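First up is the structure itself, then whatever we jot down about it.
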């Protein structure tokens, strides 16, 4: 297409990015090389192209030298393409006359040989020049944003994000997997470093969620399907049935009392299996919604075997029957499930008729413009470290179990006793970094363990007056008034031993260890090996991504690190964005963090969503496919290829692409035998020029 | 599963001296199981820990020669009963595969001795073979003498289960316990099952070595074990030979039978008591006589 | 003809820097390359990356063009199966890859020169290893004497 | 008269090249990633007898205090039970590190004189080199003579019992192809030296 080559005037700008690029790539040389290439009118290198003076440089040159194409060799287009498009537009050019060359992330930062790196940069710049010559002026399409928001996960992050958005007058769908919202925070007793009780600060927000006119709360539900794109997501949610109708239930809980199981019998998930519940139960008194659940696995009305959800089996702790340490697990319950119950709960409910064993799961189809993922974390499974004896020695606990144990409304009503149910521990060892900072389990630091271990040390001392030993590798208290809290613990006479415990064992070296658990550890500050007998061991387990994180990632089409945490768009500059527009992250699903950080991030995510909503529309990259009508032979090859069925077949035997549906993958373009399908921004001729450009030495 | 075609047997020096009972019982056990064992011809010492401490190259080479000989056989499952032998052979394979430098040295050495480079040899400890290839089911089925003896503490020691996890789980091995239970024995929860016996320390820094074994014995007894069962000649030797001194140390007499797991299995599966080397035990001879109903004359000739 | 190629290889194998054209999808492999950068991983500078929105965009002509213009190797990077930003573009790419592999083989291009790798946005280290491995393999194979026009080689 | 030994370490005593060099040996690569958590010392059955705990030895290597690292008792007390190696959260093959230090110490004659363990190692090395197999009796005798003959007394009793149980073989085992083995060994040592 000659007319586009006519009178092409290219400006080339090579960025030093301080020394980030100039340190390895000889930017001057690259600029000089480019200057000698055909079509190039101006070629400069500059310290910071993204700075205002840098952008002005482009604008002025466009006007002064009548440039009509711009090439910027700098960082990754994922970082600054937008910046330089704006700069180009400010100069009065169509922004799509600009193309970027990545000579930082994919050149200067990954290579060491100055000459080779410079050569590579020159090759890429040459290719970009040849490409930009062919680029067409394009307009961004505008897509309206649906103001409704979906928040996935009802922990503190989801709750805070939902409330923020709802208060801004946006309608929020809050979907939670468990029977109640509240997440892990609801299980905690007190929160560090201020020691205010978790329930006291959380439950008001929980009921606010329930009461808020702008929030539709679906607990005990899963997101099943997500379609569409930023501004226009179509989501299917499965609301698993509780066999109790939320709309009719008054939350009187008489049905629970009336259950044929006079005594609670089954492992209580919320209390980490330390307490017991009935087949019909409310996770905890302040649960939201206040509607009980009937658990298929344990209710004798249902006698067909069902697979146990991971939380149930996890919450069995280490001590499911027959060890007899704890309560019956569903596996055993099933053995005598008759399938015929007196249904005393039904009678108790009376003419409310809220309970209905025939109820089925409900599917809800909703439309939302933005999505906030706040799916949280799962605690590290202490059984994975055999030499700490969790699941082998009854008096080895996880930190979450202790949270419940010290909690006044917990299974032991705040009475801290050993598994035998009566002995109060006289000495307690708290092991930090369980599962964290370890190549054999999780490599990362979970960030909160140091602080919550200090908190538990304080609480346990308060409850039992026992000798407390903290075993840490490094004490990490980088947070507002965290260090002060550490000082407080030191003054309370808690022992701090720097060393990773090598084993928790029952073998007796010295008579004083008889009947106790002994921690063998090097006190690295004294430089000697110590044996410390205790009654109770607390494993401060770290945080990891949910085991189904990869499925969730696929469902929402975002990226997820190999560690199982969702990946933010940029570690510093876009910490709550994902690579999929309109989907944001909040809380521990993005990485381990404490409550303040989680709440702050939730607020940020809400703000990002609001920003989109308030703008009212998003601009879409004009990279969709189009048909050159006169060349289309009507072979229909493209039609089945399109994953969005954006291509239709017209009566006049020609294919047609619906630009609203097309997302610009270009699969159809690659397949078109007559070359009549093209993709904007990635036209065949542009790519051919680029290929030739990187290879053919001018 | 090569069970039918048997295994290449690598005795190692100990099984020809202080650990002779291990060899005797092992051979008897495999005879009863009707699994052929073919001794690796002209095998040489594995070098144990000492060679590693003097010259790594030579250490790898000792094993390389054995592996190379084994490599020429069509049967590639090499079975060293001694933990030290097992580890050095296994480690050599691993390091030669992963460290070019080690590979170069070994190749030079083998070349000089006109030995073929080894490949495809599988180094397998008898415990793992009995557990995986023979299997608990068959052991159970073939048990003719249910274990009537006392409670057993299964002692795995170190080098068989560490650092490689092929014989059993490095931190909490369980397979010997399961084998013992399969023949009707009751095993105690022995927290020291993988603690080290000190190896050659008993010979070098005597007191330290003896003390380590004292701890092991003491804890086993405290847990109610009447016998300790081992899978390594050195462990057995240390725990067995020094009991009298340990008793002196501790001021408390130990008389605990230290058996090889092959002796217990061999007996349970109907092996000939005379062939199990039972008369070579030093500790707890009384109990051995009682449990194995070994007639006087068997023990007499010791 | 093959003989001459072999000889040529032996001579040049010493100081030979392979030229590799890499087509990376915008959502996984290109981001992995950026990640490798931000975490300062080092790999040889032989590859020239060309960004496409999806590996499904890759028209077989692009690959042939790259070889014809003097590339010693072509690397395609896409999202792992099931992870495609556009649902299944990478599967389409895979299909074409298998067909094309046969074709280029026919034209005397060895296996190591044409590769398809699934590298997700979080796998910066994997990208690094692939780059290193690819460059090594192609260097071992030597330069591809194929600047001759496609059809000529095709018939020979 | 009381003694007040000075314990200060001067930087000139450090030998950074040496520590870099140690990192090159098989199994020692990850020494630099140690987080000094002390798991190795805690899990070591012999650390309670050591002058430096294994953790400290790693620190010594990293800081390049060669003398202390090579002349300490720790490396010789290591019984190679690999407990540290499987517990280490940084996957440092501490046992291999100890092996390397032993070799280094022997090469530079830095171990305590008449200290039986290195002697045992060397004697073992010789015996196997000359016969292809080990003879425990010979080994113990030679080791005792070269380090501390009194060790023998500690063994008389158990020795006698073993003898009666037929567990002491006096016939020295040897392999047929000793020559072949030696060719291989010397070739390896050459390759190693080169």
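Just so it is clear, A, B, C and D label the chains in written order, and each chain counts residues from 1 on its own.
Quick note on the criterion: a residue touches a chain if its C-beta (ideal position, glycine included) is under 8 Å from a C-beta of that chain, and two chains touch if they have at least 3 such contacts.
No experiment lies behind these values; they were computed from the predicted model shown.
By C-beta pair count, the most extensively touching chains are B-D. The mean-CA centres of chain B and chain D are about 23 angstrom from one another, to the nearest whole unit.
One finds 52 Å separating the Cα centroids of chain B and chain C.
Each chain gets one centre point, the mean of its Cα atoms, and the points for chain A and chain B are 50 Å apart.
Residue positions 387 of chain A are each in touch with at least two other chains. Along chain B, residues 171 each make contact with two or more other chains.
Pairs of chains in mutual contact: A-B, A-C, A-D, B-D. Across the complex, chain A meets chain B through its residues 386-387, 505-509.
Here chain D touches chain B in the complex through residues 26, 45-46, 49, 77, 79-83, 85-86, 93, 95, 99-100, 102-103, 106, 116-118, 120-122, 124-125, 128-129, 132-137, 140, 143, 147, 151, 154-155, 157-158, 161-162, 164-169, 173, 175-177, 180-181, 183-192, going by the rule given at the top. Across the complex, chain D is touched by residues 387, 437-440, 473-474, 498-503, 520-524, 527-529 of chain A. Remark: chain C residues 17, 19, 21, 27-28, 30-31, 33-34, 36-38, 40-45, 48-54, 56-62, 65-66, 69-71, 82-83, 85-89, 92, 96, 120-123, 128 touch chain A in the complex. Partner chain A is touched in their complex by these residues of chain B: 169, 171-172, 191-192, 215, 219, 222.
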